[in-house]
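Given below, in the form of structure tokens, are the structures.
What follows is a pair of complexes built around chain A, which joins chain B in one and chain C in the other.
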Partner chain A sequence: MGGCLEEIIFLSALDTPVLIIGGGVAGLAAALELDRRGLPSLLVEKGPRLGGQARGFCCKALEACARCGACRVGDLLQQAAQRPALGALTQALAVNAQRQGAGWEVTLIPQESRQPDTPALALERPLRERLLARTGAVILAVGHQVFEARKKSRLGYGRVPGVMTAGELEEALAKGGLPGQARRLAFIQCVGSRDQALGRLYCSRVCCGFALRLARLARHLEPASQVTFFHMDVQDYGQAWRADLSEMRADLRFIRAIPGEVRPGVGGPLAVFAGPDGQPQEEEFDLVVLATGLEPPVAAPALCEMFGLAPGPHGFLAGGGGVLVAGTAGGPRSITESIEHAAQAAAQAAEYLLAAPASPAGEVAHA
Partner chain B sequence: MRLNDCDPGFKQEIARQPGGEGIKTCFACAACTARCPVGSLKPEYDPRRLIRLALLGRRQEVLSSPLIWLCCSCQNCSEVCPQDVRCAEVLTAIKNLAAKAGHAPPSGSAMARQLASHGRLLEVGEFENDKRAELGLPPVSEEPGDYQALLGLQPEAPRPAGEEA
Partner chain C sequence: MPKPVLCWTPAPGLEGLEPLALARAVGLELDQGGALEAAVVTVPEALAPDRLRARLLGRPVQWLDLAAELGGGGDGHRHKRAAAALSRAAGRASLGTLPAVYAPQPNQRVLVAGQGLSALAAARQAALLGHPVLLALRGDDPAAAGAGEDTSQVAELAAGLPEGIELAPPTELTNLTGAGGSFSAWLKGPQGALRQRFGAVVLAPGGAWEMEPAPAGLAPDLARPLSACDPASLATAQGWRQVAILAGVGQPATAQGFARALTTALALQDRPGVQVTLLFREALVATPEGERLYRQARQAGVLMARLADGEPRVADDGRTLAWQDQVLAEDLELAPDALFLAEEITAPWPGFLQNNLLWPPLARLLPEHARLDGGRTARAGFYVLGALRGTPAGDDRLAEAAGAVHDLHDLLGGGATPLPAVRHLTCARCLTCVRVCPHGVPEHLEDHIQPAPAACLACGICAAECPAHAIAPPGWSTAELVEGLARGLKAAPSPAMVLMACGQSAMPAFAQLSRQGHVWPAGLLALPLNCAGRVGLELILRVLSLGAEGVLVAGCHDGMCRSITGNLRARLAVGQAAQTLKDLGLRPEAVSFLHMANNQPQALAKAVEAMYARLGAPE
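== the complex of A and B ==
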């Protein structure tokens, strides 16, 4: 596919066995799995670069690997670059889909975008003209969006200096350290998750691991810092994690309560929370970090309408009729889980093609 | 805590009471406790703990606890609760169950008796009715019998002669 991408820029239509919408971790993993199965696919990404949101994550290792999965993005990009059959259209947005037999005809239009500093990979080609992709199956790997912390105004984001999201702390740590003279850190979990009042009655599954790894990294970079971890309960990520967790319990202060309020204090944000004795108490921190949850992708309602899909659980996507869902588009997942989920979606797409010989990709799948 | 001492039906019973419906969604995040003004005055009072005990089915412990009567229904807890538990209303539901089980504090029963016999907890007299007339409102009856009829209560037995003096 990669070779012919040069030409399709001047074409108005092309056939592909599988169209993958979304070039993040899940989309890349699905394309690679299909490639392993000898099935070509077309990967389309609305942004200028592949890699998705996970591309910005930093390694959380101390002396040993923290199994955060951030490096898997680079691995996937490298593997994709080594597969000559793989091709990806960037700055391409799916705007319409028509049922054609067992498959689909998807209209892609070019997207204007500011060019990033990172160089384009050989397999990335920006879409220049409107393109009709005739495909046997579609994999939706459009990812998620992160909960907007301002919506939980009680916790002070955007209002109280020193309150930031875990994503923003990650950026700061990736640049080399804790912001300012921050020594007293507080993490508040479940911001925008397990919150019926906000219509988000689900656990985002990744924030506990993300926040605790960040907390440990912060302690490592600044040994004088103290970390308080406000939580309801901690997600279990398996046996290796449990060993890490007992270490963290010794190193960080775990408080099983979510603060009711964060307001400006004298030297930093002041959290009001239920102390271990069940009494309301107040404590000042230098930095309050909100572990914001995962939300359904912005494009979910539009994609449901385009492909005639019923909305999935909690507003995430659920597939059907030759449309598969991969990664966080279908629900909260870690990087590693998204890769596994995408491989599964790719396998199901291949099965669907074999069962539907009338599709434009049928011949390829049967060949 | 022994499982045998817990009543799994207790939370269902609370959830069936008006106002108690939200109890089962609680994740015990303690945002209610963080913002509770009673808790900052009375260290033993912890709404999360009360809700948790109720969810665990500690019927006797909850209904006989003097702490449940301390909730002042300020609704701070309902305001912060991410799960729409409506903690203050759940506590009202628990109080109703406690009263039915005979655990109402003496002051509560005294107020109920006063309401039944006088139709109100505070004196309403000419002054209030003059004010109501100024606002174009009908006068409030001063006859306890009217309220007894309204509340479907039996009139109190006539007091023995001589006591009225």
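== the complex of A and C ==
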């Protein structure tokens, strides 16, 4: 579609068998999987660039790959660029959806956005005017929202200097290094996950993996540093992870307790936690990193209303009626899991089109 | 020899360059829209205008992403870099590509061997995409579910199988050879063993529950598998009061195994008079309902015992467990009336994979690899799903199966698989290619090497390793690469150095930096390769002999190479080249290797800078 997108930008309506909302990992993967099936699709992204949140993630390899999947975003963008049938509309926001037979008519409007710091890829075309997309099926790949660390105010985020989120650390490491002179690092897990008080009765599933990989990388970049890992339980990610984990257990300090409070200390943030004897204990760090969990996407309620969907588990999206969900929009998932999940959404969308009574968009699918 | 012309297609990043002056500088004619024999195009194929693509059909073409190789700097600087890159491309194009060799069409049949969700889902998707499918089940009931699978979900899938699926009588896959588009499978059924041909093979056994090992010293009659526990009938009948469940104590548990232990614990706790203690190392709750289940069990009164290494200790009687409670810091003891050990899903590997002559060791075939999703293995066209891969029973298995089928459909449909052309007159049949290809593409048939039609990822390891130069893949044969680099180095200002860039890691990072206006040294020549594995000792030494002052090979991190060993082979070649230089009394630091990922452009920029600092200041 790369070539013809130029022209459709000046049309007010277009037909596509599948409309994919969200141009992050899952959306890109869904478009690729559909293309592998030989089914065209239209990918729309509200921001100016494809790649989503994972685009800012850093490589967590020391000498060997840590299997974090962050570079899969680059892979997906490259694969998409090599498939001429694939194109994407950026700065396009879905604002309305109308049931039309077995399919949908989705209204897209252009979004203003500030100039991004990376140049556009060939497959990214910004939407200029309101567009009506007539589609046989919709894949929602709108991603997730990261838990707002300020809501756990006792952990000091935004209040105590030296407290940051894992996402911020990730960004700093992607740009080249640890912030400041961080010799004593602490990671606090399950911030906004497995938390009854917040009504979040689910494990965000990815944080143990990425936080421990970040911890190990930080330790590697600053060999003189000491890393403390406050956690409830370390989740399991398979055979190779278990081998890595036993190395991490030898190299990092694991404490099975979540600090109740982080307050300003003399030389840095001070964490208060239950010691091995069950008594409260205080310890000062240079940097406290909060592993914030995954939340349902901000747009979830609006999308549920737009497409008439019932809310899914824990407020994440669940599909129905020709609307499929891919990636973290449907629940916490890693990057590679999101890619696989997108394959299923693509397969389900294709099956829905096969079963659907003939519609203009459906005919495109069968052609 | 065809004479290439320069087809200048304007693109972002090429502003300010003068096509005519550049064409003259590199000795090419500028395309005027007339007849042409060969061409160098300034944009990648996907971005070329349709009309140009039509004119170029069947001609040797060097597609160049010029903007991605230039980077920033003044117009004069960029002009020099453009001239070197265009010269390199012109050199490659001038040799032309070899005529295509005859290759059989990929076989479209798909073999799905296995049982349960994964097998049925893969068969269903493959049939919907028009592939004839042979579904080879171990038993005769297609609706038989694998361990841990939802039987109604499996039955529904089995009842609604689409047309195009042939159901084999109970069959065992006893041997398999080949790769994408051309597999030979030996199927042993009631009628004996039959050899059949397939384009793709999906292996998806159903899996069975296996009990985790009991702690040392435990009385053998006390330890029973979790599946032996039917809470509804057992507990009250036998008058148990204290029941212990061990989950992930003897071996690491999975979230799925842990959830099953929680469910049983909850049901038992519900029986009057029964107290359940769940002993575990880590509460594995990373499933949608895991945490809720865990809280529910706690609220219902199940006692949770988190154990440290070496726990629980078993007393001499073999019936009493002891451990230290981590919250109360107290020693606790329990002599349960019944004890159950959690189970994990396992599946046996088929015997033919043990044949190391035909199959690489499992760790190479199926490493835990961030690029091998959707059941992919190193061998293109061969997929391993479900229980064998440790995928939790449920929708994750459907997703994995969908990914596998999309991949095989794409491969068998000819999706971007260039064939390595084998020059049979030069080939010495030394089987080096058979040995080194990570994807199992070359097959030795009678008296020649036959590449599988839909398995090649064009990593070029075979071309780098072939001692007879008999593998000359169009566009990336050693001859073409050397001719291109010879011309490029001639046009590049001194000191000229070469970056051999893996297309999965270094080249995307290089292109990203270029587009952001990073100023590369004027004499730096980038050589885009599909995989660093294409490099090889010979290419490095020839490039140095052509006058390059330095060579930097940049490939993926260990364990991330799409072709499994490409990065390691490249690193080895760099080491060998350094040793050769040292032996000759030359500077071994002229060659270096960089491990990187496509999201680490800064590492590449630093390595290039370091190379120039080490070997001579850029002008």
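Keep in mind that, in the parts below, the second predicted complex is superposed on the first by the 366 of 367 C-alpha atoms of A that agree within 3 Å, B and C clash if a C-alpha of one lies under 4 Å from a C-alpha of the other, contacts with A are read in each partner's own complex, and residues count from 1 in each chain.
The rule we apply is simple: a contact is a pair of C-beta atoms (placed from the backbone, for glycine too) under 8 Å apart; a residue touches a chain by one contact, two chains touch by 3 or more.
All of these numbers come straight from a predicted model, not from anything done at the bench.
In the three-chain model built by superposing on chain A, chain B clashes with chain C. Looking at the shared chain after the overlay, A:Pro259 reaches chain B, while chain C stays out of its contact range. Shared-chain residue A:Met232: touches chain B and chain C both.
Annotation for chain A, partner touching more residues between chain B and chain C: C. In the superposition on chain A, contact is made by A:His341 with chain C only, not with chain B. When the two structures are aligned on the shared chain, A:Val298 is found in touch with neither chain B nor chain C. When the two complexes are overlaid on their common chain A, residue A:Arg242 makes contact with chain C while staying clear of chain B. Of the two partner chains placed by the overlay, only chain C lies in contact with A:Gln78; chain B stays clear of it. By the touch criterion defined above, A:Ala355 lies against neither chain B nor chain C after alignment on the C-alpha atoms of chain A. Look at A:Val95: by the touch rule set out above, it reaches neither chain B nor chain C.
Shared-chain residue A:Asp277: touches chain B and chain C both.
Two complexes overlaid on chain A leave one chain C stretch from 45-53, 297-305 or 369-377 clashing with chain B, and it is 297-305. When the two complexes are superposed on chain A, the residues of chain A that touch both chain B and chain C are 194, 196, 201, 232, 256, 274, 277-278. Across the complex, chain C is touched by residues 2-3, 33, 36-38, 57-59, 61, 63-65, 67-75, 77-78, 81-84, 117-120, 122, 174-176, 194, 196, 201-203, 205, 208, 232-236, 238-242, 256, 274, 276-278, 313-314, 331-332, 335-337, 339-341, 343-344, 346-347, 350-351, 354 of chain A. Remark: chain B residues 25, 27-36, 39-40, 43, 46, 48-49, 80-84 touch chain A in the complex. Chain contact summary for the complex, chain A toward chain B: residues 154, 190, 194-198, 201, 232, 256-261, 272-274, 277-280.
Residues of chain C that touch chain A in their complex: 12-13, 44-47, 50, 125, 128-129, 252-255, 282-292, 295, 306, 326-329, 367-371, 373-374, 390, 395-396, 398-400, 402-403, 405-407, 409-410, 413, 415-416, 503-505, 508, 512, 515-516, 556-560, 595-600, 602.
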